[in-house]
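Take a look at this one; I'll ask things after.
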């Protein structure tokens, strides 16, 4: 597991999605008959793919649409939706600015402070339309926003930072006591992001109802480039799953882990489940949806950082409805549409009837080599019974 | 063989064609004197390269031409040839549509149902012209089409799906009993695709006369991208060959394995044999043939999938006759022509007089790095005796 | 640690920045409260990033500006600043010549001999403006220039060649006795470059006050291409750090090692510290500065080599002030600006309060794969307390 | 050394030039004082870089020029020089044809039979001008051409095919008895190409005076693509060097091994020597020379193969005289010029005073990653004493 990288020092080899593949077992299952559900604090969701708290992806309408399709979309409480009474005007502006001025515009837009009454308003709007109100904020705002969330009957509360641990050291400001916070919240609290066995276990022990797994997972991601920090998602998920299973054995409590980031195609999602994820969280794939507030644009939440921006606005285009992206029919063959269809077909081909069984599928190390012209493959017909 | 990919979880490192190379031994042989033949149920074929059941590759004329050259071309019973009385009209249309509309057109063309009388007709056409009638269909059609094939004196019957196992689970529909099916057929039945030692062995034990090896083998293949599933072909072939040799030792029956997919050049084919293949099945290389019905176009059989298409029409161009592709003379130096010449020269240089001896050639792990300008090599003269 | 590369011969696998990543531990720290300082001969510097002795990067003004920001910029005593009374005329010429004629022009410019009085002048200019006079020359000039440096109260003297060892063999000319030289100098002497444990230890034992680590580190660097020589910087730094720690244990003297070369982005710098560096030396990132004499151009010191040039003039562009590059605000998200902000944020996220603690951060092997479109990542918000 | 590539089968990991680098030791040497000579049958040559027997590289004048500079250029006896009384007319034609028609033209040019009197004439021309007459032909022509060579006082005779072994099997034609042939020749005979320890040893035992090492070494080379055959040059050289050293220990005869192919830059050549080569043979680098008969074009000897061409004519351009390429001054910084300067500088930096000492230099595994913009490196000044 650990290689020498110099005299007296070893390092673990970690693996990402592009380096592994899944191997069919001794049986196959009709894809229509597999169970893809997962649970948070006992509540069941049929779609184990969550939409990330990004301003180009989730607003009130998107959250409602996602809920009705069986999934969860997370609203960013530190973003445009809670800074502006009328976010559409601002989002329209972002979608019309030039590429050169996008970062500066976004930086300036995020200097307007968050309005607490807008938090309450957005939650109510989601609930009124029958949606699941899942909310996210940074640790510094957790206590204040958490209370507002509870008062307005939100369903799930997420405290998210690039790196989350149980211990944060500072003399300059008061740090958030995560254990106390979890205890104080009457609704499920999901914490993240983390990547190691130890931290996953500690965050489960202090009362998290779910964990976001993933730091700097993208191959060319900015956090890794700027800070040097990151763990490839397959290893991060395997490690976190190990902690979850250990915690379950000790306590009987099964805390779901949600692999977050670095998945672009259906195949990546399938691999995350095989590595041990109970659910996944994705951003850019949903930015393609007609319902996404980004109008075909997408930007990371660190794009707005005043001093050290890590991300920029990119044009992703609008390729279909949220329903198309989740359930198809796919109009393209690159794995970016019909994500649930891909997951079900994969589970069927692998003989996994449930997400839990997906955790036991054989993984192989098989680096992908990008060769032009090597796109076709003989016998791409799927499903034995069809 | 297995590396740790995270705490408590290991994965095998698997290898593809681009990662290996073959090493000459202590002798060389005159390439003209090597024996490339293989057998299916006792019947010998001099060309161990089969043409895949793809609609852009095989029609009646192609099957006849291939048979006369000593090989086997497989007709797709679920495709255009059995859906349309006059397939040329339809194929002409596909070759003239724009790139944007190709997938939609192909999807609509494949909604016309298969006509059973056309199956009989195509078999008769092949047989009348002296060809070998090798046919392929998906498991759901196997019982019905298998009977028609036998009634019309077809030679070989192939049941093919992306992932084939001896056990398929479904409550929704009746699944095919492969063992019973093999027993009921009076002609050789080839099954596939599979990749593991266990499944290969099980499919041999239930009566297959041959197996197709390969799931998602292409480096950038869609099944791996969309479903996350795939095993690199060298490892898949080595594993399947192990099962074949074990089965032979136990039962005395030598069931050939046919490596299917992911081979683009002569060198890839040579490597497949070195890994243990008795024959190989290729698609796109044959799509280049003048005789191929695709008119210089090629598409995977999953392109027509209504809900989750995995593949698109690509232009491959027509580069020569089928004879040129198999026996040369090659007009290009990229390994796409004179495949049999390449195989024979490789066997001669490696000192392997038969395909069986090719199985014992030394393989090394030698990742290929694509460097422009590094194309030439000193001393590329071949053949000691010439 | 060592793999067989052929019969009877083994080789160590070494690692570069692109192959590793850093893993957060059990705590995080407020980035504003971390200590980034390092010491040379007891003198403390708050910015552990040195500017390399390259003519497109450092002149008198740059050295002064760098000193005032807390760092060290090294003036090249064998370059344009000491060959020309008025270097700006020459630098202007280099920046206006065509790409084709740049190497020839640079070669001719460097044929004008170094003037000793200009060495004295430059040192005085730096000191008068309150800067730290850190100077560098090749071994052949060390004795002569070293004396001038001392006479003019320079602060730090660097003797630098591609490969430095304690023993250089020649019958043709007199070689420099490094031990004697170090002893003769009354100011700190930094030696380099070196890469191995043994040589690092030997150079510490003969009296160096600091060492430059790195030979041919750049992935596509010319020394490796032309001479075949080079050690990836992570392994080189880990090995040198091992020697430093051993030397400290034996003698009680802590000699800082300065990783020199191959770092392009903030993340690379963070990784160098994690590998064991006390400081880093970079060139091209500073060539982007408004204060850099290269006017947006940059060239290696071997570009001027008469017989075997290794490097050429490249246009890097001017992207901001030296202060922007060191402390931000970053206007781009590629890790080339706000290097100190990146280092502090990384240290905070990793829970390292000092450079010494950075040496103990967990490193993983995680090859980066460059995938277009995989730029964004979910949850890029940094800093738990903000 | 051997990894599992599938159940029951292992393969050695082999290494190429791009995967290794050289590490400086405890001393350095003045590059002007290193000894680069090697010997064939007791005769010493100061330039250990041979020019390959390719028609775009070597003719009479080139051979003479190379001899005078201290090296050896090999004339191809199966090529244009011995098929045409006036080869310049033919070479002119090749250099003026279009890219599309080049292969066809070359194929037709090589159908004109070799004229034995021209072999004698070319040898005489070389000898008259004071050159070393080193000649090469394929095994089928060895007996006949060998006699002519001896009668005309040639210096070195090379029998070369893609794969050479001591045993070639054929019923169709009479095979060459290499042992008998070597014995019959009164001038040194060099054999090749080979790659394994066993074959190297056998060819030494039957009387070769030198061996060419390398089969399909180029990263994107055609032999590997078309035939699947090839061994990366570092491993091939290390293995062959092992056989040479064993043979020397047993017999006291030191037979030089000449690494042939796959080297593009000075660094590759240095690595070949570090891996154990006594000399290297290169083609394309010399095709750049003003003296090369290819007029800026280059083609592999298999380009002319009637049935299975492996190579095409490429434009390399004329960049300098042969003297520039061997001894500089280099006008470019990519390692393609001043090859001897690069070798001497490398030997000096590595502390190797002789080619024999280069064999003991430390090799590391350090994959090169091609990153644009990572071209510069700090401190590229070479030579401690200068």
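Observations on the model:
All chains are identified by letter, namely A, B, C and D, in their written order; residue positions are counted from 1 within each chain.
Operating definition for what follows: contacts are C-beta pairs under 8 Å (C-beta built on N, C-alpha and C of every residue); 3 or more make two chains touch, one makes a residue touch a chain.
Please read these numbers as outputs of a predicted model, since none were measured by experiment.
With steps allowed only between chains in touch, the distance from chain B over to chain C comes to 2.
Simply put, chain B must spin 90° to overlay its Cα atoms on chain D, rounded in steps of 5.
The pairing of chain C with chain D is characterised as different-residue: of all residue numbers used at this interface, under half are used by both copies.
Separating the CA-averaged centres of chain A and chain C is a span of 39 Å. Annotation for chain C: residues 12-14, 235 touch two or more other chains.
By the definition of touch given earlier, these chain pairs are in contact: A-B, A-C, B-D, C-D.
Contact residues on chain A toward chain B in their complex (touch as defined above): 1, 12-15, 20-30, 32-33, 197, 234-239, 241-242, 265-271, 274-275, 328-335, 338, 341-342, 345-346, 349-351, 353, 362-366, 368-386. Within the complex formed with chain A, the chain B residues making contact are 3-9, 11-14, 16, 18, 52-54, 78, 103, 138-140, 160-173, 175-176, 192-196, 198-199, 202, 212, 214-232, 235, 260-262, 264, 281-284, 298-303, 305-312, 314.
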